[in-house]
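Mind having a look at this structure? Questions to follow.
Labels A, B, C, D and E are assigned to the chains in the order they are written; within every chain, residues are numbered from 1.
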């Protein structure tokens, strides 16, 4: 099985990809409509919450965070796949990333935006959000730079802006293609403006290469720092179950894991919706699936390490939280997380399932569910079983407001993502050409080597 | 090489600009807006006539140099300066025949005696409009500032009050003269102010906290301390 | 915020006061609560409602764990499996412990909660954006969040009830974290009076609302820097040090005749509230 | 007219000067002016405290005083002393007033009763005052509705209705009364020749009073808890709700520290743990109703009694007592040893002991133990009485209700007044009070709220709150060595224009009867001032100027005067003592119903104060609702878990409430708190909880005729519904889970003498 | 002498390579192979660029400068802001604590690096740019093109070389 067919004509690549900007399958519009409906639910819930106060989300004194922060971490985690595919695999010269890294990067950007929304939704006084931004003001006040939340804000800002820039810079040659092939309407203007007059000259390519590589190098430590900082929100706190040294790597692994799972899902959807069968080949899917399997095992291992270190240590309170996770009210969710996160991926180890699209779609959705549950299981059980037994809560169940907003966030992400794919080429044309070119060269070399014999 | 020159100039100026921007945060810009709207009072109170300096040439234009705290008696005893009771105005004006028939004074007496049309009941308070209004979560303590600067350091009252209220002796108060934003307050609290023991404050090591640096007591330089810098001083 | 300020005062900025090398001066507010005298009567809690404009949230919200009592009386039973609690219950008034190294302070993204020079953990309502991180990180869970807009949409002070509100204390709107302040409005007013007169606040000059109400007089409050204050003497007598996480009592010194302890001391947050253990007669 | 002491917080040391200041202002200054509610700029509370910055220059108006005196400084609180009216203990309060509004009530340190302390109930007085559900106009029944009328019309109506009614046909039902109001009331009734003044308190130590009277010669001696080394309390919840809880709590604080470093020991004997029981060193659970048996058993075991006492107790050997009461023999021995070693001790008989048909016998047995221990004269000492018998308190009891109910049933009364009581709420259904009450031709209720009784009335007269009214009162339990008359004075201007003080109303009614004698008194204030100044010498003001004395007295909030200390009659006798045997199990109604008295809600008259509703019950931490306390063992037997809605059914009806498993109760008893379950009264009271008063059996103490509150037997059954109990206690259920949170030490590990 | 631009399009990379090699090898008067020749390609094509001779890239210097500036600015901004609250400590930590400041400095380091790298890229690559005088949309599809600028005199010679190597198309534009 080939990653890509080397006989594919370059001009066809252009037309195929550009076609995705114009006429996707009907399913595209269905997804869009569903996404908008989901957003409407979230907007309704948020408006209600904004009017009435956070109480309508049914949080209470020990349970101050609820689903919002859990989902926030989920979305942050989701964003890591883009970096993995575009930066890490780029440095490793893994050619098979080329057809799929663009949408992964877009996923990074939009899941970060969604995550950012959760920070806002979660705030008790959304209208005072600007208090947490460091800017000179007439109050003479600065935010508290000691707070992991502020590190978070800083890291996410850095990550988001860098990701957008990375996505954009990597897209400039493709934007030039769009500019050259689309001759009317607002799109023409948009592509002309965004392509910055790219012509593919040797000077441009030369600087492009170095810049792209440099940013890729920056993005890798950045991505690691972002999720480990999100982990510090918990690890830097004093609460049992949160104050765990292994949280940062654990979070990063979880992030890559959920990101990969999401890539599989979106891969399958995009492949169908935009008729990308020739580019997003099953061979690439197989590689992604194998990567996912590997990461799932890393995650499983780190999970086990976390439990083991809690279990083996003398921290009674943390141990109590762990026991409560496994046996208390949250037990069904906790075990479901273990099942989805560690057992379900075993399916991926079987070759016959590695290219079975319906199975993969189901598995990837289950993995995502597991990863979402993981985040919830990090946040909530500590609240109902903290240091202070008096406040151990009758386990609090999120109200429809929380569920509605979490639900809607998926719509919001889908909408942004789908719009992106419709407006910008979601398969990197110039890099697929490179890929094809490299394969042709390789074949030629192989052929000439054969001929020499 | 000129490209590198350009580049380094660019970088240096970027750094300088951002440092400057960060550094200059405390300079509070005062715009027309930050002084609040012009307010129409029930009686346009001529502060300049009461507190203003004596004008020898045109005595009718000058003031009487009345101390701020003659009328605003609460300021030195309470966090709230308050408005003088009507009684206070009447107390003097009862015996000032010369202006008794001017429109403003007539209006004043309407609040004391009741208006002829019955719209104002006798002894009803004058509905002054607030000009120096702080948000409800800010508690400015007039008493402490006056004790500190007027009584302990013998600064002129006009100067102490005027720091926030402007040059009252030349005006009727229709709008603020200072922004009274938080930056305005903090600006002042960050400055080193003279601390004099003669006024009676045994500051002890308080100055350490308020000035964050332990004062050198026996040095020749005068002892100074910063204003309180903890939030609970003004917000409770 | 200038670089020159940083360079000039670098050493000051690197001090880890107040727990470490720089002591409090002239004030460090602290409390001690004698659990042997505490009867659990809730007078302190009501006094706190009255003094600090606490909203009554009602049955529904209390059910959801959204109550707003800054001071709560906890009641513990013995856990030895007997049929009857024949040594009574154990009551514990729990409010913000005003930790010296408060876990809540570092995590607030906007710096709405800070340590004041007189050793209090301040909470600035109007600065709060409602991230609730402080509460998440509080080991005692004594921070209370305004889940609803109690003054307006919830109307907990209908009609004339709002006239009872204490003008010295801000009424909190929705989305704001709040907690026990050691009645800071009373402290500030006492400190101002003292400053005007060029002295420090005497012991007993200022009382917190709970202390003032407490019928058996179980609560003492005062200035831990002032060697004449009752609180100082009590802490001293019990060999409880503010910046320690293990006291003479825990180390088994002083023949174990001490009964002063602080709750969750091992977390090294250095609470400012010392409790005196409840005593029970063995002869009966 | 002037009045009042006003002490700005920094001038507390100079009350006299301030009093003088008032005198000087006499002619020009109206107190009401000062009490006027003002919205001071910057000093008022804005309800949007920390929302958006609410600076709107020039929009808000600064309100200023028209005239001000020296002490009137905006933003600085002024303190007035007055008297708490939330219960009958008579604590003195110190109210903080700012800008004409009373903000907070604190204790008055000058009062020997509470010494500057105040309980939660007392502090909630402001919520009574500012309550949105107060009656604001006189209301005349018009069908099912009340129609607002003027006071003139109300007075005229009363006069009309009283026309041709003889004194015998008028009844006046009140709570406890004392002071000048009582004098006026007696005068009013005397003007008809009416003797039907009934003082009713739903929860009152009526039996104990009678037993004390027998044993010591006075109904309410002073109990020196702080001087006792051992307090043995038979169900007296003196820290919670019994007689004068703030005073006792304050004494308890000293008692625990011990005057000479010897810590006082508290042993509580009862079947349902009260707040006091929860604080005891040893809480002894006894079979309900057997408190007297244990007391006699202790007398016997002490072995110091002689004569008829020894004869009376000789049958009460330890084995029998242990069998009857359920207290183990070893425990009795320990207790006896402790009683011997800890002298003086103090034995108290409380509501758990008196609430039976043989309550008087129980109380007598307990008092006998006190006498045998020789505590009389040491920890039980004579009270000081006020030298004005006409002002001394009429105490309320439940026997009064039984009497009035019977008389109503007989149709004796044509006009009935009710003031400060709510018998429709607090009378057992078995008494049929409501039915009997309906027979009265014209019912007048003096009321703060439209409570259950006021709703039955034909005319409702709205009363001033205690914080706007004048008055004096004499506490029943006189705590100090001096006699004390409490003064009640307004802390602020009347909140509602059309409410009146009870004294004012009585005066107006008296003027109808007797215009000549009262024509000099424009209002109750004038009457009060006149009456006080008339007796200036006796009140400790001999030689003082009238105004000065009056102002100083108001400034103190109390009159302290040397009263006479009553001697306690000390004869120890067990002559009339005859305790019934331990109760036998009732097959149909196997459980004893113990109606418990919550320190905050008591008989329910304060139920409409939200602070009290949300103040968790100390033992269960339940708020806003009633509950049924069941011992976990019993609950397991019945298959009941926490939150089950159970039906508590007795002979006279049933109630349904949530179950709470409570270890501090005898397994044969259940307990339901009183005070909740209002069907009217206001938004915070109505519809929360159930009212166990209604299912009480109409059983009375055989000697005194008091309602035997603990005598009701019930059965408990599940209804199948379940709710989540609304309480402060979390999921850990009051366990510390191995953490060091609330810690307890044994006495041998403590050296209190070294403590500060 | 007037100059003219000429754009040759090739289907084949080898051909284009050969052209570049030849142009650099041949010394044509009025045409400087180092400065007057631009290769445009649809993909990043380091092999072709190699034949153009060593052309240095400076973006990494921007990166270094930006990262350093970001880090410094971050540290001083944060420490300076913290110094504002000189009487308020938080959690018993110093007013200017290192661990959090390092985290933030790290982030600012990266942020500065990325931003200034992009800036450097735009500067170095001359973007945004006006279109060069001759451009064919075919370049963004699959053809490689060589744009030359030369004196009129050299045009013929260049054209000959292009044609020789099977240029698909040659566009010309008269110079000024």
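Rule of thumb we're sticking to: a contact is a pair of C-beta atoms (placed from the backbone, for glycine too) under 8 Å apart; a residue touches a chain by one contact, two chains touch by 3 or more.
Model, not experiment: these values are computed from the prediction.
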Any chain in contact with chain B as well as chain E: A, C
Steps needed, at minimum, to go from chain A to chain C via contacts: 1
Most extensive contact between chains (C-beta pair count): C-D
Innermost chain, taking as reference the mean of every protein Cα atom displayed: C
Separation of chain B from chain C, taking each centre as the mean of its C-alpha atoms, in whole Å: 35
Between chain B and chain D, centroid-to-centroid distance (C-alpha), Å: 52
Between chain E and chain D, distance of the C-alpha-averaged centres to the nearest whole Å: 89
For chain A paired with chain E, centre-to-centre distance based on mean C-alpha positions, whole Å: 30
Residues of chain E engaged with two or more neighbouring chains: 76-77, 80-82, 84-88, 90-91, 93, 120
Junction residues of chain C - those touching two or more other chains: 1-3, 9, 12, 67, 72, 74, 103, 106, 111, 114, 116-117, 122, 125-128, 169-170, 176, 264
Multi-chain contact sites of chain B, meaning residues that touch two or more partners: 19, 22-23, 25-26, 135-137, 209-210, 212, 228, 230-231
Each pair of chains that touches, named by its two labels: A-B, A-C, A-D, A-E, B-C, B-D, B-E, C-D, C-E
Interface residues, chain A side, partner chain E - complex: 9-11, 14, 134, 140-148, 150-151, 154-155, 157-158, 161-162, 165-166, 169, 172-173, 176-177, 179-181, 196-211, 214-215, 218-219, 221-222, 225, 229, 232, 430-431, 433-434, 437
In the complex, chain E residues that touch chain A: 38-46, 48-49, 52, 55, 57, 59-60, 63, 77-78, 81-82, 84, 90-91, 93, 97, 100-101, 103-104, 106-108, 110-111, 113-115, 117-118, 120-122, 124-132, 135, 137, 139-142, 147
In the complex with chain B, residue positions of chain A that touch it: 136-141
Chain B residues within the chain E interface of the complex: 3-4, 7-8, 11, 14-15, 18-19, 22-23, 190, 209-210, 212, 226, 228-231
Residues of chain A defined as touching chain D within the complex: 62, 127, 316, 320, 384, 387-395
